[in-house]
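Chains: A, B, C and D, in written order; residue numbering restarts at 1 for each.
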Amino acid sequence: MEVAAHGDAMEIKRQLVDAIRMLAAADIVDHSGHGSVRRDSRSFYVNSGASTRAALTTDDIVAVDLNGNLVDGSARPPLEFHIHSEIYRAREDVHAVLHTHPRWSTLLTMVGEPYKVVYAQGALLGAIPLLDSPLSVNTKPMGEKVASTLGAHPAILLKSHGAVIVGSNMLECFALAAYLEENACRQYMAMQIGTPYVFSDNERDMFRERLWTENLFRKTWDHYYSKLHHS
Amino acid sequence: MEVAAHGDAMEIKRQLVDAIRMLAAADIVDHSGHGSVRRDSRSFYVNSGASTRAALTTDDIVAVDLNGNLVDGSARPPLEFHIHSEIYRAREDVHAVLHTHPRWSTLLTMVGEPYKVVYAQGALLGAIPLLDSPLSVNTKPMGEKVASTLGAHPAILLKSHGAVIVGSNMLECFALAAYLEENACRQYMAMQIGTPYVFSDNERDMFRERLWTENLFRKTWDHYYSKLHHS
Amino acid sequence: MEVAAHGDAMEIKRQLVDAIRMLAAADIVDHSGHGSVRRDSRSFYVNSGASTRAALTTDDIVAVDLNGNLVDGSARPPLEFHIHSEIYRAREDVHAVLHTHPRWSTLLTMVGEPYKVVYAQGALLGAIPLLDSPLSVNTKPMGEKVASTLGAHPAILLKSHGAVIVGSNMLECFALAAYLEENACRQYMAMQIGTPYVFSDNERDMFRERLWTENLFRKTWDHYYSKLHHS
Amino acid sequence: MEVAAHGDAMEIKRQLVDAIRMLAAADIVDHSGHGSVRRDSRSFYVNSGASTRAALTTDDIVAVDLNGNLVDGSARPPLEFHIHSEIYRAREDVHAVLHTHPRWSTLLTMVGEPYKVVYAQGALLGAIPLLDSPLSVNTKPMGEKVASTLGAHPAILLKSHGAVIVGSNMLECFALAAYLEENACRQYMAMQIGTPYVFSDNERDMFRERLWTENLFRKTWDHYYSKLHHS
């Protein structure tokens, strides 16, 4: 599914807003996470730096070029827009980026424990590279380092800081952000009472092949969305 | 109580919907759990694979035969319908099946810790067999393996994956699913600060005899139901 | 404050209902806890065994004599009414009893860890005796054992089962039930990362003297009550 | 931003009420925390001792002089008003004080574990001095000890009791109270599975310089405020 190609700007903004609100409701985004959707080869939509994540509206979405200059809207993008711009520059296949501050995933990085696949949906992330610095990604060189460490992976962890997840569209990106945190939570919890079983390469490959479907991504999205509206 | 015998189809669907919604609200079912109620010797009701569990309605319930062919409704059953069909085939006494993704019970399986009875209602489950594979139960042979491992027990754990609970009706099945998770939670939590007291065989038998009553199952159902409507 | 003396029956029932609903909302009472208020020297009010705790109303309150015979209302008292009757028989000073199933306090008993005072309000409980059996208190001899183990204390823990808290009125009884669980929670949590500081006898006595006030009990009640109505 | 100078009394009270209600919703304040805003060199606004924190209104705010004598309103200030009065006496730069009972920060003090900077916003607190006594601060000498131990720091921890946070205005004070608890939570959680990475002095200084901005404080406030209104 290519959201950007089929939707108009308002629909894209609406989906970006929903993704961030669902992540805030799930405590995967706190007061300062951000998400973006590619607008074209040289610009992207992103929530403004000052926006209230848990109460986000489409008015909080601006569009900036790959140098962070506003091309639509008047509020400033987040200081860490370099995460988005440098990934869009490096990865033509990426049309959505989420920068989250997820509790469980980050706890693993705080103690030097690598992410391991311990649950089916977690296989979709595979091995996740780590940026070994807690500093903010608020310069172009830092953004470039995030992009080069990410390489062709779907996600990267930032030590004692957070995560960056990418996708070919926002539905996929959102689902991966949720699976990353759910797998990390189970890994952390199991570590408290023993050594968690790590999926074999074969098991991991089987799940990746079977579960990487728009149907599952949409079901995950709908599950979180239903919680948003009932809470 | 034989729900299927006394209720009409809509009442059965309503009860199935309520059970899944209560389990989703309690985080025992996530975006992809499923439940079923036997319809007759050759078919059963089940929520569709694409349905949003936390916002389920009776329109999401379909009926399929033991080979997964639709006999009522138009949406597809879950890919793991084999869990239900093979158990209904093997166990005439079973009229309700729940496949949950419970956090605490699954954590025990992730570290190789067997379920132990550490709390009164947990005695109703007794020793719980384990299917030693994290793979999905999406083939007939896998379903047969679940059924044969289950044997005459009320529940089975699937390593790093989830649980299957059966009952002579949905009220009983739901209550057992709740007790399984509550007992596993206490077992896990106690393991973090010491070694939990495991009920003696005598204590276990006394509780099983005294607590296996429709009254308690209904009280448990009503307790969860009241939370659903107040949240 | 002597609630029973100044209030009429409906006010007493109302307060009992509120106490149980607040404890259910705080997960200190589950589907089968119960509470009572003394009616006179030979009877007490108690929620019926079948009542839904989280949605309790004054219609769920019955009155029974010290042998469990109904003197007001038509629903059956809990099977464990002996907890209440035997304490009222043994302790003239007690006018309210709560039987809770608190998570944290019970976890301590599961691993043989005694309750220790680690937080100011926890000093009001002091040392808490333990009934060393997980069995239900559903006979007169078991009720007598609870009463004799309780002695002159304000609370008793039941191994792998729950707690019983008593008070000269329901406000005091409720506040003590909340403090017991809050102290146990902190004790458990601290044990996971070290050895918690236990208050000296002197500190304990100072807090007991200063904090045992109707003002504090009412403030605690109001705090939980405000959460009940805003949730 | 100098709230007191620009706002009128009602606006100051409103902000104080919001801060305490947000902290109560986040379980950082329980039934007995309190907050204050400086009124002038010799008096301050504070919530009354008997007020219900989770349902606070501006009617619960009184003004007292530095000896605790009422200068506005009729309800009594908290018994621990000495925390506020002695800090206002000692620190001219302080215009807002919060006394919280935060779970995670307090757990660290219970086991003798010092607060360490393990997360970006946690750097704003730096090293936090400890008052090595669990007793209430309900005398002038105890208040003076809190003020002298606090020195020029933005916060102090009280062993097995709670925290005191100060700020040049309530927005800053609230944000620091939230960051303290969030950092302590991560420190505690990471300790359960390993040894958390502690920020280097250089990293700490960089974050303190970059993050100490009214923009971030306001965004944090708005984030918590949005949760208050949606819950």
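Worth a mention:
Note that a residue touches a chain if its C-beta (ideal position, glycine included) is under 8 Å from a C-beta of that chain, and two chains touch if they have at least 3 such contacts.
Computed from a predicted model, the values in this text were never measured in an experiment.
Taking the mean Cα position of each chain as its centre, C sits at the greatest distance from subunit A. Averaging Cα coordinates per chain places subunit A and subunit D 33 Å apart. Centres computed as Cα averages put subunit B at a distance of 46 Å from subunit D. Across the assembly, subunit B contributes residues 192 that each touch 2 or more other chains.
Taken pairwise by the contact criterion, the protein chains form one closed cycle in which every chain touches exactly two others.
Residues of subunit B that touch subunit C in their complex: 118-120, 186, 189-190, 192-197, 199, 203, 206, 210, 215-216, 219-220, 222-227, 230.
Residues of subunit D touching subunit C in their complex: 30-32, 50, 52-55, 103, 106-113, 134-136, 159-161, 188, 191-192, 231.
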